[in-house]
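Note sheet for the following structure.
Letters A, B, C and D name the chains as they come in the text, with residue numbers starting at 1 for each one.
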Amino acid sequence: MTDAQAPAPESPAVRAVRERVAALHAELVRYQLVVWTGGNISGRVPGEDLFVIKPSGVDYDDLAPENMILCTLDGEVVPGSLGSERSPSSDTAAHAFVYRAMPEVGGVVHTHSTYATAWAARAEPIPCAITAMADEFGGDIPVGPFAIIGDDSIGRGIVQTLSGHRSRAVLMQNHGVFTIGSDARDAVKAAVMAEDVARTMHIARQGGDIVPIPQEAIDSLFDRYQNVYGQNPEGSIH
Amino acid sequence: MTDAQAPAPESPAVRAVRERVAALHAELVRYQLVVWTGGNISGRVPGEDLFVIKPSGVDYDDLAPENMILCTLDGEVVPGSLGSERSPSSDTAAHAFVYRAMPEVGGVVHTHSTYATAWAARAEPIPCAITAMADEFGGDIPVGPFAIIGDDSIGRGIVQTLSGHRSRAVLMQNHGVFTIGSDARDAVKAAVMAEDVARTMHIARQGGDIVPIPQEAIDSLFDRYQNVYGQNPEGSIH
Amino acid sequence: MTDAQAPAPESPAVRAVRERVAALHAELVRYQLVVWTGGNISGRVPGEDLFVIKPSGVDYDDLAPENMILCTLDGEVVPGSLGSERSPSSDTAAHAFVYRAMPEVGGVVHTHSTYATAWAARAEPIPCAITAMADEFGGDIPVGPFAIIGDDSIGRGIVQTLSGHRSRAVLMQNHGVFTIGSDARDAVKAAVMAEDVARTMHIARQGGDIVPIPQEAIDSLFDRYQNVYGQNPEGSIH
Amino acid sequence: MTDAQAPAPESPAVRAVRERVAALHAELVRYQLVVWTGGNISGRVPGEDLFVIKPSGVDYDDLAPENMILCTLDGEVVPGSLGSERSPSSDTAAHAFVYRAMPEVGGVVHTHSTYATAWAARAEPIPCAITAMADEFGGDIPVGPFAIIGDDSIGRGIVQTLSGHRSRAVLMQNHGVFTIGSDARDAVKAAVMAEDVARTMHIARQGGDIVPIPQEAIDSLFDRYQNVYGQNPEGSIH
C-alpha cells in the first residue's frame, strides 16, 4: 500500500454502521436465505446523508467492516472512502432510491430466498393466515412490479408498493424479496420472517384450504406487536 | 450496578430449573423449530409455586440461566428476582394458565415450527399413520381454538384440548404448536417429535393416500412406549 | 464404582466394533436421518456370535464406545459386559433376527428418516428412475409388512422382504426404514442413500410424470456399481 | 513407504489446481449438493494437457490436495503422479470428454443434487421465470440424453447439449446435473445456482402457474450479468 492514498477518516457513526452491516450478513447465511454471493444488506448512517452496503460478488466468509462500501444517497461510492476500490452491490441504486424516498427507513435487505421467490415467480401475494404474520407484517405480503436492473425501476417499485403499507416486505415479481426496517437489523428480521411465513404458507396451502384470520384479529395482533412486544419497543417504521 | 438492589437469593431448585430451561432452548435451534427470537420454553420449579420462562425478544445466542425470568403461577414476574428487569415471553400468561390447571405438567414449550404451523393454518389435526406418532402421541395431534393473545384464551384452549387427551401437543389454529411434559425436557421432546411427524405426514399425504394404522395397534404402541422405552421410564404425565 | 463388578474383558474385535458403531451414529445426525434419540445402528462382531448396538433412549451427543451394548445373536445383553447396566435399543430383537437369518449381513441400521417414512406411510415402494438408485439398490426399494414391536414380526418382515432382493433397504409399512450391509458402515451408507433417493423421487413425482429407466439399463448399472466402484470393492452382500 | 517410488515432481500449476479442486469440494457439502462420497469436481491445469479430479469413493472429510488425481485429457491417470495409487472418479471419462471437446472449459462439476435431479428424472428442462436464472443461465436449463456410464456417451451428451447454449448446466436424464465453467470455481458456482433455481422453480410451480419473463428481458439480464457483475468480470466461457 505504498503509493495508495490512505482512506479518508470516518465518523464513529459510519464505523458503527460498517460493523453492524457486515456482521448482520451472517444472519442471512444462518437462516439460509442466500447462496454464493447473492443477497445484500445496507444500513443508513444516522445523521449523515450516507449509507453502507455490501460489496458486489464477494464471498460471505470474506465480508468485514472494512470492505463494506460507503455510498451517498444518490448511490455513488464516496470517493476515497475505505473499501471504495471495490464495486458496491449491483442493487445499490435500488437501496439508494428507498433511502431517498422513505426517510423513516434505516435499513434495506434483498435476498432471493427460496419460498419468497417462489411466490414472486407467480406474482402472488402471501396470504396472512398465521398470527406471526399478522404480528410482523399486519396482513398479506404484497407483490411489486417486474423491473429490470439498471435504472430506478426496482427502487421505485419497492417504494410504491410499501409506502402506506403495513408490510415491511415486498415480493418483486420474478425476482426476490426486499425488506425495509427502522435499521439494518430490523430489515434483516423482516427478511428472516418473510421467508419463514412464505415457507409455512406454501406448505399449509399444499395440504388443502387454509382458514383465514378475521381482519379485526389481524388488526389487533399487528397493533399489539408493534407496541408491546420485546424488551425495548423501538420506534417501528410503521 | 451501584444503586441497583441485588437480586433476592434463590433456592437450589430455582437455580437448577433456570439452568435446564436456558440450555434446552438450544434444542429448538438445533432442530430448526424457531427463527429469530420466536418460540419459548418454561419449566415448573418442583415444590414451589413458581416457573421459569424465556425473556421476550432476546436472541437465542444470548440466553443464559441468569436472564431467564422467574414467575408466579399467576404469570407475574417475581419482584427483585434475577433477570426481573426484563419482560418475560409474551406467551407467559398461557404457560401460567397451563401450570395452574394441570398440576401434572412440569414443562411447556411453544413454537411456530413450519410443518406443525402449516397444519394449524388449515385447522387440521395431524393423522396418526406412523408408529413413532402412535408411540409418542397415542393418536392424532388435535387442534385447539383460534385465540388472540392478551387474555386467558390461549391457555384455556390448550388445557381444554389436552385435558384427558393422550397427545402432549396441540396445534393452536392459525398460530403454532404448544406441547406439555412431565418436565421442560419432556415438553421439548414433544415439540421436536410434533414437528417431525407433522413433516413426515405432510409429505406422506402429498404423495397419495396414506394407510391408516388400526386403532388397537395404536393403543398397543402407545401403551408399550409410555411404560417400557428408554433407560429410566419417568412417570409420564399421561 | 466400589462394589460394582468390573466388566468382563473383551476381545479386540468387540472393541473395534464398539468404536465403529458408536462413531457411525454421527452420520445419522449429519444427514439428518434422526431426531432426539431415535434411530439405531448395530454391527456384527466378526468371528464371534455377537453384535454391538446403540443403547435405548440415550442422546446422540452422549454415545461412546463404552456405552454401546454387546448382545448375543438371540438379542440378549451379554451379562457383565461393558455398558450392560443400560437397556439396548428397543429394536434389538429385529436386529438379532436379521443377524441369525442372514449370515452375510454384518450391519443393520434403522431410522424414521422423513421421506423414506413418508413412502412407508403409503406402503408404496420407491420407484427406480435415477441412476444412483439403480447403482445402489438395483431397482425399487420394497415395502415390508406392518409389524408391531414386541415379537419377531419386524425382524421376520425385514428378512422375508430382503432375502433374494437386490435392495439393501426395506420400508417397513407405517414405520420407517431398515437397511442391511456387509458391515455397519455399508448399512449406514444404504440408510443415507435410501433417504436421498426417497426425497429425490418424491420431489420428482410431485412435479409430474417420471421417465422410467429401462430394466436392462438398471441391470447394467447395478452390476457395474457392485463390482467396479470405489477404491476397494468390498465383497458386497449382494 | 520404503520400496514405493516417490511421486514425480509436479509443476506449480498442477499443485495450484490440486489445492483449489480439493478445497472446492467443501462447497458441495456446504450447499448440501452431495451425500456420502457422491459428486465430483475437476479443474483443467492451465497450459498443460492435464486435469485434476476427485478420487473415487473417498469421504469428503478426507479429500486433500495430495489425494486428488492427475489425469491426461484422455482420462488416464498420469502414471507415478501423486495420488495415482487410487482410482479417479468413475465420471472421469465424461470430464475428459468435455475438456477435449470444449477448450474454453476450465472446470467441470457433477452432482445428484436433489431438485436438479428431480427435474432430470422427468426429463424436463427448468423453465426460466426468475431473474437470477436469467442472469446465470440465460434461459432454461436444458436436458441431455439418457446415457449409461462406461463409454463416451455421458461426455458426448454434455457437450452436444451445452455447445452453443447459454446455460453452463445440463440435466442428464434420469441421472443428475453436470456444470461447466471457465475454471473449477466457476463450475461450482453454476452447480450451486443450478440447484438453487431448480428448487425455487419446483416450489413456485407447485403453488400454481408461474409468470414467464419476456425473452428480451432474459436477454438483457444475461448480457448485463456476464459483463458487469462482480469485482473482476472474468472472461466467462459464454
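FYI, a contact is a pair of C-beta atoms (placed from the backbone, for glycine too) under 8 Å apart; a residue touches a chain by one contact, two chains touch by 3 or more.
Protein identities per chain, from UniProt: A, B, C, D = L-ribulose-5-phosphate 4-epimerase.
Because the structure is a prediction, the values reported are computed rather than measured.
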Identity of the chain that, by mean CA position, is farthest from subunit A: C
Euclidean distance of C-alpha centroids - subunit B vs subunit D, Å: 45
For subunit A paired with subunit B, centre-to-centre distance based on mean C-alpha positions, whole Å: 32
Subunit A: positions in contact with at least two other chains: 206
Set of all touching chain pairs, with the criterion as stated earlier: A-B, A-D, B-C, C-D
Subunit D contact footprint on subunit C (complex, rising order): 31, 129-132, 189, 192-193, 196, 199-201, 203-204, 206-211, 213, 217, 220-221, 224, 228-232
Residues on subunit A engaged by subunit D in the complex (per definition of touch): 35-38, 55-58, 86-87, 90, 112, 114-115, 117-124, 146, 148-150, 173-176, 202, 205-206
